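Both complexes below contain chain A, partnered by chain B and then by chain C.
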Partner chain A sequence: MATLELGIDENVAISAIGRRRRLGPLFWAAIAWMILVFAAAALAGLLPFGPTDMDMLERRAPPSALHWLGNDGLGRDELARLIYGARVSLTVGLCAPIIGITIGGALGMLAGYFRGRFETLVVGSMDVLLAFPPLILALAVTAYLGQSILNLTCILGVLGIPAFMRVARAATLTLARREFVIAAQALGATHARILLRELLPNVILPLFAFFLLGVAVTIVVEGALSFLGLGVPPPVSSWGSMIGEGRESLEMAPRLAFIPAVTMFLTVLSFNLVGDTLRALSDPRQGAL
Partner chain B sequence: MLGFVARRLLYLVPVLVAVSLLTFLIASLLPGDLAYVILGDQATPEKVAALRHDMGLDQPIWWRYLSWLGHVLQGDFGRSFRTGQTVLQAVAERLPVSIELMLLAEITGLAIGVPLAIACAVRSGSAFDRFMTGTAFGMLSVPAFLAAILLIYLFAVELRWLPATGYVPFAEDPIGNLRFFVLPALTLALAEWPGIMRVLRSDMIATLQEDYIALAKAKGLKASRILFVHALKPSSLTLVTITGINIGRLIGGALIVETIFALPGIGRLLVGAMYTRDLIILQGVVLFVATGFVLMNFIVDMFYAVLDPRIRHGHA
Partner chain C sequence: MTEPVLLSVEGVAVDLPTPRGNLRAVDQVDLKVGAGQTLGIVGESGCGKTMLSRAILQLLPKKAKLSGRVMFDGQDLVTLDPERLRKLRGRSLAVVFQDPMTSLNPVLTIGTQLIETLQEHLELDGLPAKKRSVELLAAVGIPAPEQRLMQYPHQLSGGMRQRVAIAIALSCEPKLLIADEPTTALDVTIQAQILDLLAREQRRRHMAMILITHDLGVVAGRTDEVAVMYAGRVVERAPTPALFKKMRMPYTEALLAAIPKIDAAPHTPLPAISGRPPDPTRPIQGCSFSPRCRYATGRCYQDKPLLIQAETPDHQYACFHPIKAAAGVSA
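Then we have the complex of A and B:
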């Protein structure tokens, strides 16, 4: 398989983690945007309108004091749909990579630590999973399982497992040969103790950086599926489905597609930016951004 | 080299078997009985049982898998119960569209990414370099369907230069055909070039510091020749790698882009099968695409081995 090997250089991997780097205003702007989106999603219940309240007289109404971002093609408040959509996008976007990081991280660490047949089996079965173009597999499984937020989260989570497995395995492979692990083995530490107390704290940072990139990818894939009408079922609003609906009225009211599009872009960009900065911190071979 | 090819081919067999098994299991184990889908909600239990028997759905699962695999190996992927078309006919009809789209997209992506990468590598650290690297990073966060909406709005709705949706076969009207492909291919290329540029740029910065580049300069070779011939050649492996990694993304992207721009390719066939719950087409096309993807990766691996002897001797 043509694959990107994510190796971590043995000599520099650990020493640089503690090193401080300038994080720049862009990094903090990204963090601020993430906090804003999270806060809006958490406080969505305080809005005066629901995401499905229709007002047929106000179809595609421009922004007003009452409806800050105007109304969509069915007279629903655009801002309310945007914020409730954030709930869906963030729920799927965060929960799916959590599945991936838990299962993939555990498999990767076990494979990298114990090696042997187990490693061959894990790597081989991940190769099979990777043999499917991810979007195709996601589509096929949703088609059979039915469209729901839970199904979508599970599928996207499973699809993320191979990537997390690789990151965890690559990091574990090099770490497992280091002196502190050998010392722990010499002191008679159990495998569980070495894995959890010696290896996990070192593997977790590259995994977490990758997790943030995974969130960005998942938000995009969820958006793409919902855009095609194959993701979350209507009338639930998600950024992808809003863009898809806005596309119908691109000539009359382009903002209906562009507002969720910009929101989604900024969110994905924020996760990419923070993830990439953290990755650069944990892997000093690559220069920052 | 032959031994290497044989080893990799042997490795392909279990992967392909596993792929077919997974495709079959997704289609068979998940809820939703094919007989009900065909007959509709009003079907009587007797009719359903009869149809299940006809289709062999009452057989044990391993037997169904083996008989399905046997048919597939003989080139019989099944037949749509909605249109009566076989999976192979449907795929053969639509494959050229998808391939044309992906080729145009990858060429456009390379045409944008490679010159930019070279320009950035030559002036690495300059304002231009930093601006382009930043733009590329930003573009990585633009999903294909977002770029599609933007391009449709700009070129089809506002400027009215290009059609937003539609398709004519190349044989009937070559110019018209290409006009329909401009926006879809550009959409995919916009997602492709940042990856190409980022990787190639860092590769080139390293290459430009090599002694033989200094020698070429000292010999008085033209800058363009040094950059495009001497410096680009060692990066060919990188380009093959990126192209290989991109295939999976391109297939997924093609699915979205074909649906948005109404191009009758494989992706649209799949999405259409999903809307109409045409499970036979779905299963056949997923297997076809996954197999094609595995084979493409195999070819990329072979390219690798040709380009870098260390890989085929197992030192890398």
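Then we have the complex of A and C:
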């Protein structure tokens, strides 16, 4: 009897420690891929070839010891273009959602906390922005301001604001009614304090999970725009423009389109997986908060 | 009441606009609390207790309309400018809420919540604030306070959380503490501990307290004065001993009768107050308790009884047919 009780106690102790939820091998594989892509993009300068060095004799050459992934239709090193493309895709993919999370998150929290006319105004203007066809807007802006990474980032960032605003506002709306906010008011906290110290730490969890999904979506959208020739200007490489260029030699060397496509697929999948896991972790229904 | 008056609620009424019409949650309430005194506010759910406490703190929902005066320490809180009101809250006025599950921020540690309150109001530096937090947690009976500072609310039990909420409320030595059903969400075994803790800290700090509850048993030994509320109005007000010795209002009597007795025979049906409180969106003519009152006569359905004095000036009740005989209650 005594040994049985001891055994139960031990199990309880282990499960109490093991409450840090298991994240699973998929999560860690996704993290590993993200680290690999980031490291490659950061260390791109160490490559022996630039992304625009052409070798006309080696056009569409198959992979070799010198060119690990072969050469593209203009004899440029495919691996170098892929890694420099990662720089563009990740820069745009990260910076655009940062614009969205900052402006959208701030607007959403203010709207959800203060309500009233400000909320009506914010939600109304976001609905207008959502109703505008995004591709047409991107087309119009690149046509007027020209193609550059900065313009692309700004357009995609602005297009992401409504979604972040909605997530932040929904979270704030439910939280602002909780008693700890009234308790903070009763303790004499200012509005700024309540927003920054009481609400922001609560809102940032779902917002950050959504941010990672936003990165994935932005990488895809950037790819689509570059594929259509609306993204970064040539000869700068991005994954989308590489797929677009590879389309021309799809019959002779299909890998030129497939390699960047697979890279983009794996990266987007990684961001989605990590974002989903974090969302599940921050979900109060499962988190027992 | 020999102590100087700290809080005086004068003719306070709260109206809430609802889709079904105007809801009068609090109706012409007058109350006084002396420094260091305890006032118990008793009434069943929905009688306006919480709205009254929010009206005192000026934390009503935005749509609510408040009339009357709330004089605290010589200032009218209703007309006080927001900045001075904000400084008063926390430092002079504090509140403990019903549900400690929701009154603490779930994603901040206990320490962050306590220390930041101290830094904000008392302008303490990091280290003294931390030291004081540990003292406060120890004072409210939390074992191993240093370790608790690092924990999150969900790692504590309900009773512990309420102790933390009390520690935060007490942190700036308020002159008045409003405890809004502080034990309703807790286990019965914890309730007495929390109430004793509140009473002890109140005596030690010479702090006034408003204890809001639906349980007459809770206010019995722990308050100086009791106000019984029904349908937004105070229907009886008396010093606690006088109230329990000689209650006048049939509603108070019914409330007391509804407390289960330990010496009653098993399977005795619980005496409940029949019927339900009136719909506050449809004000009824006459005494609001009349539909449920067993003493009600024709007049009770016509006129609204006002608060009148009993034998002693500090015992008031609103009833045409007060209970005459001393209700032989052995509480």
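Basically, the second predicted complex is superposed on the first by the 263 of 289 C-alpha atoms of A that agree within 3 Å, B and C clash if a C-alpha of one lies under 4 Å from a C-alpha of the other, contacts with A are read in each partner's own complex, and residues count from 1 in each chain.
Note that a residue touches a chain if its C-beta (ideal position, glycine included) is under 8 Å from a C-beta of that chain, and two chains touch if they have at least 3 such contacts.
Since this is a predicted model, take the numbers as computed values, not measurements.
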Touched partner set for A:265, first chain B, second chain C, both or neither: first
Touched chain A residues, chain B compared with chain C: B
Touching partner for A:35 - first (chain B), second (chain C), both, neither: neither
Doubly contacted chain A residues - partners chain C and chain B: 289
Chain A contact footprint on chain C (complex, rising order): 57, 59, 62, 86-91, 93-95, 97-99, 102-108, 116-117, 120-121, 154, 165, 168-169
Footprint of chain A on chain B - complex, ascending: 14-15, 18-19, 22-23, 26-27, 30-32, 133-134, 137-138, 140-146, 149-150, 152-153, 157, 202, 241, 244-245, 248-249, 251-253, 255-256, 259-260, 270-271, 274-275, 277, 279, 282, 286, 289-290, 293-294, 297, 300-301, 304
Complex contacts: residues of chain A adjacent to chain B: 1-4, 124-125, 127-129, 131-137, 139-141, 143-146, 216, 220, 223-224, 227-230, 240, 243, 246-247, 250-251, 254, 257-258, 261, 264-265, 268-269, 272-273, 276, 286, 289
Partner chain C, residues of chain A touching it in the complex: 115, 178-180, 182-190, 193, 197-198, 201-202, 205, 284, 288-289
